[in-house]
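Here chain A shows up in two complexes: once beside chain B, once beside chain C.
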Partner chain A sequence: MTRALPLLVVVVLVGGVQALHALGRLPVFLPAPSELWAAADPRVLAAHIGPTLGRAAAGFAIAAGLALGAAGLATAVAALFGPIYTLGATLQAIPVIALTPLLAVWLGTGPSTQVVIAVLAAQFPMLAGAMQGFRAVDARQMELFHTLAAPPWQRLRLLIVPASLPYVFQGFKVAAPSAVLGTITAEWAGAERGVGAMMLNALFAFDPPQVWLAVLSACVLAGGGYALWAAVERLVVVWDRPAELAP
Partner chain B sequence: MSREVLIEHASMVFHPRAGRRGDGVVALQDVSLAVGEGRFTALIGPSGCGKSTLLRLVADILQPSAGRILVGGAPPGEARRAHAIGFVFQQATLLPWRSVLQNVALPLDVVGRGARRSGRSPEALLTLVGLEGFARALPHELSGGMQQRAAIARALVLQPEVLLLDEPFGALDEITRQRMNLELLRIWQESRTTALLVTHSIAEAVFMADEVAVMSARPGRITRLVPIGLERPRTLGMMRTAPFFEAVNQVRDALFGTEQEPLADPVEAY
Partner chain C sequence: MKRPIMRRVLLRALVAAALVALWQGAIVAWEIPPYLVPAPGSVAAAFGQHARLLGARAGFTLGSAALGLLISLGFACALSVAFTNSRVLARATMPLVVAFRSAPVVAVAPLVMLAVGRGIGTSIVVVVIVSFFPLYVNLMRGLAAPDRSAMELMRVTGASRWQVLRYVRIPYAMPYLFTGLRVAGGSAILGAMLSEWLTGAPGLGMTILQSGDMREIETLWAAVILTVGMALGVFWATSAGERAVLAWRV
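Presenting the complex of A and B:
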């Protein structure tokens, strides 16, 4: 029942909008589901969704590498913990929308601008998650590894990394939609293709169905990124989740 | 295989953290104790008497402020690095992401499986502690007693010569605890290690040990050594015999003194 409820809400909403359309009561900027369906050209959609997906994935991957590396460094060198966290938070606080035109001037309107923005948008949740996760080892577990005379590499491999996974995945789940939305925002600054470009073009052409298709594409990409990591997490983290993260 | 544990005039002072005021806390003062090869000694005393601290000194988790400790004639650090010390914590401290069998095998993963001595396999140890049906279970699927048995199997997998037990069954109910004690004695006798058990149960200390070291608090020190004359192997029936009660009373006297109950004195009572 609880699983069926969200689906039910969607069905009722879509059906309701379609019914209002049939009654002629819909405003012009709200296309009916049937109009969206008619306006959706798979080739056009793919031509825009593909580049966005690629840029967001590249940005996410780079951000993940940087965040995990920085979190590892912060954990290994206690003096760097505060500065690294502050740097991550500061980068997070810069409005992407303000940075995008600057980057477009520096890097051009090619994919590099969008990837850099995706990195900036996605890095902090992963950094914060990994920094918390790498410290999630409790004192008794450390004592256990001490009595086993475990070398640092074994402590990392057998203790610190597995203990951090619930926190790391938590960060990944939040960061994936951020990477998608960062990419789309960056695409507004003059990309030729991409969901952001599609959105902007449709807006200036006053083509509500295309605008809505772009919005839906963005939602599917962002939600899909979350769902992907949620699924990986469910497969990997089979033990009790940390109490504060439990549903 | 076993090693002798020698504690010679060990003291332990916990200093306040840098920047904080106050004197250090004397956790242990001039403690000496010898546990012969293959012997079983119990440490008993009130909370704060430093018995867990003493165990951590032997395990090389802490360093004594004064005095010295020898495990098999060498500093504890050497024994630890030679994987000669098995430690069972108050909580099972299993890694939640590993199955029960993988938890028991953890020390082998740390040392490298190639370096394994010709001891029991993790599977055989699971059978020894009665968990053969739970090899693939995750720790949170086990009861507290079963988790602690897995922790004991883990402590034995590298065939330690010294087994240190820090109130291993403190969190268990009386019935489970009794059964675990019997199993532990059986395992100890089979593995022929030197054992040092921290407990706050007088009956447990007497039932398990060859010798009970009674400690007192502030500062932590050993006030009396009570030799236990009961035969091996120990049986639950022995807990009803006169020698058992005799030993229990000796330990109790050492812990609380032989003076009268305060309320028995009318002047004190009013």
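Presenting the complex of A and C:
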């Protein structure tokens, strides 16, 4: 019952809006679900969602590589821990709105600007998660590995990865939506195609159904990024649950 | 009290001067062409040349951010006071509050623009939505912050609800209010500028976008620096306001 409740709310809302539409009582900016359905052209949607998805995924992948590498370096060299964290936090604090036009001048309005913004938007949660995770290794277990003279590879495979994965996935789950949203914001500053471009075009043409479709696409992409990593985590991390990680 | 402030201002001026020197030095050292990174001098010239325009644009952005922040503050104060006094109300509206928090600007701004149209209205509504949650959460926490002995004293002396609010809850909530304002102030400016990208309203966000498109690199840098200055200004203003209001605590 409790699990069906959100679904019920959605059904009631959609039905209510549709009923209001039938009565002709909807404001112009609120299209009925049936109008949305009619306006949704799979080819147009794919033409806009595809580029955004590709840029966000590329940005996410690059950011993941950089963040994991930097976190590994920070854990290996204690003196670098503070500076690397500060660098990540500083990059995170740069507002997209000030940076995108500069990047557009440097890199052009092609996909590279949006990918760089996606990298910047996604890096910090993953960096923070990985740095926290690598440090979460139990000191006594580390000592045991030391006493048994375990080679570095075994230490990584059997100790560090299992201990840090829950934290790393936590970072991934936060970073995936922000990569998507960063990409879309960057697309506002100039892109031929993409969900952000679709929003701008639809707003200029005052086409409420298209605006709503673009917004819904953005929400689905962002939510989907989170759901994807949550599912992967559930498949991979079978030995531990974050809830049991309480110190 | 006077001297540390002077020293702080001096220190900040020194840091700014060092940054400008570094900027100029990097351009000379790596021979960066002016269409990639303009020299500090030419950016300063752009400031002088477009002072009127930049001032008007910054005023528009600051105005819409301030107005939205004020409305948001009104909502947050009213709701948090009502909710600390009624638990039922608090629980009933919680899903709405959470929805406000989790809605990304990227998704909200286009819908707001559909409903409100081009112009300052969209900026204000977006700012209200963006800044509501940090204000509300901090106010709720602040109103619940009074320690037990203070609340007990109020009960013993038979204080009314209004008196408890006026003499205990609100003074205790002040530090939290300023924490909320500092967070909300930054996101208010960002929210206002982001909505200008959509609506084309004549603010600083629009200036940044336009000068980027027109390759007016010096104006672009001037506007970006002005934005950073504005964000820092809001941060310092809230900090100074906090010190002024909380002087009684020390």
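As a working rule, the second predicted complex is superposed on the first by the 241 of 247 C-alpha atoms of A that agree within 3 Å, B and C clash if a C-alpha of one lies under 4 Å from a C-alpha of the other, contacts with A are read in each partner's own complex, and residues count from 1 in each chain.
Simple rule for what comes next: a residue touches a chain if its C-beta (ideal position, glycine included) is under 8 Å from a C-beta of that chain, and two chains touch if they have at least 3 such contacts.
Quick caveat: nothing in here was measured; it's all calculated off a predicted structure.
Do chain B and chain C fit side by side on chain A after the overlay, or clash?
Aligned through their shared chain, the two binders fit side by side on chain A.
Spot which of chain B and chain C makes contact with more residues of chain A, would you?
C
Applying the document's definition of touch, where does A:64 land relative to chain B and chain C: first, second, both, or neither?
Neither: A:64 stays clear of chain B and chain C.
Quick one: is A:162 in contact with chain B, with chain C, with both, or with neither? Answer first, second, both or neither.
In the superposition, A:162 touches chain B alone.
If we overlay the two complexes on their shared chain A, which of chain B and chain C does A:184 touch? Say first, second, both or neither.
Second partner only.
Does the superposition put A:150 against chain B (first), chain C (second), both, or neither?
first
Counting only touches as set out at the top, which of chain B and chain C does A:141 meet: first, second, both, neither?
The first partner, chain B, only.
Is A:238 in contact with chain B, with chain C, with both, or with neither (first, second, both, neither)?
So A:238 only meets chain B here.
Determine the nearest approach in Å between the Cα atoms of chain B and those of chain C after overlaying the two structures.
The answer for the closest chain B-chain C C-alpha pair is 30 Å.
Where on chain A do chain B and chain C both make contact?
none
Within the complex, which stretch of chain B touches chain A?
59-61, 80-81, 83, 85-87, 89, 91, 93, 95-97, 106-107, 109-111, 138-140
Which chain A residues qualify as touching chain C in the complex?
Counting only chain A, the residues touching chain C are 27, 29, 95, 97-98, 101-102, 104-106, 177, 181, 184-185, 188-190, 196, 199-200, 202-203, 206, 208, 211-212, 214-215, 218-219, 222.
Please name which positions on chain C make contact with chain A in the complex.
Per the stated touch rule, the residues are 35-36, 104, 106-107, 110-111, 113-115, 190, 193-194, 197-198, 205, 208-209, 211-213, 215, 217, 220, 224, 227-228, 231.
Flag every residue of chain A that touches chain B in the complex, lowest number first.
Those residues of chain A that touch chain B are 140-141, 143-150, 154, 158-159, 162-163, 165, 237-240.
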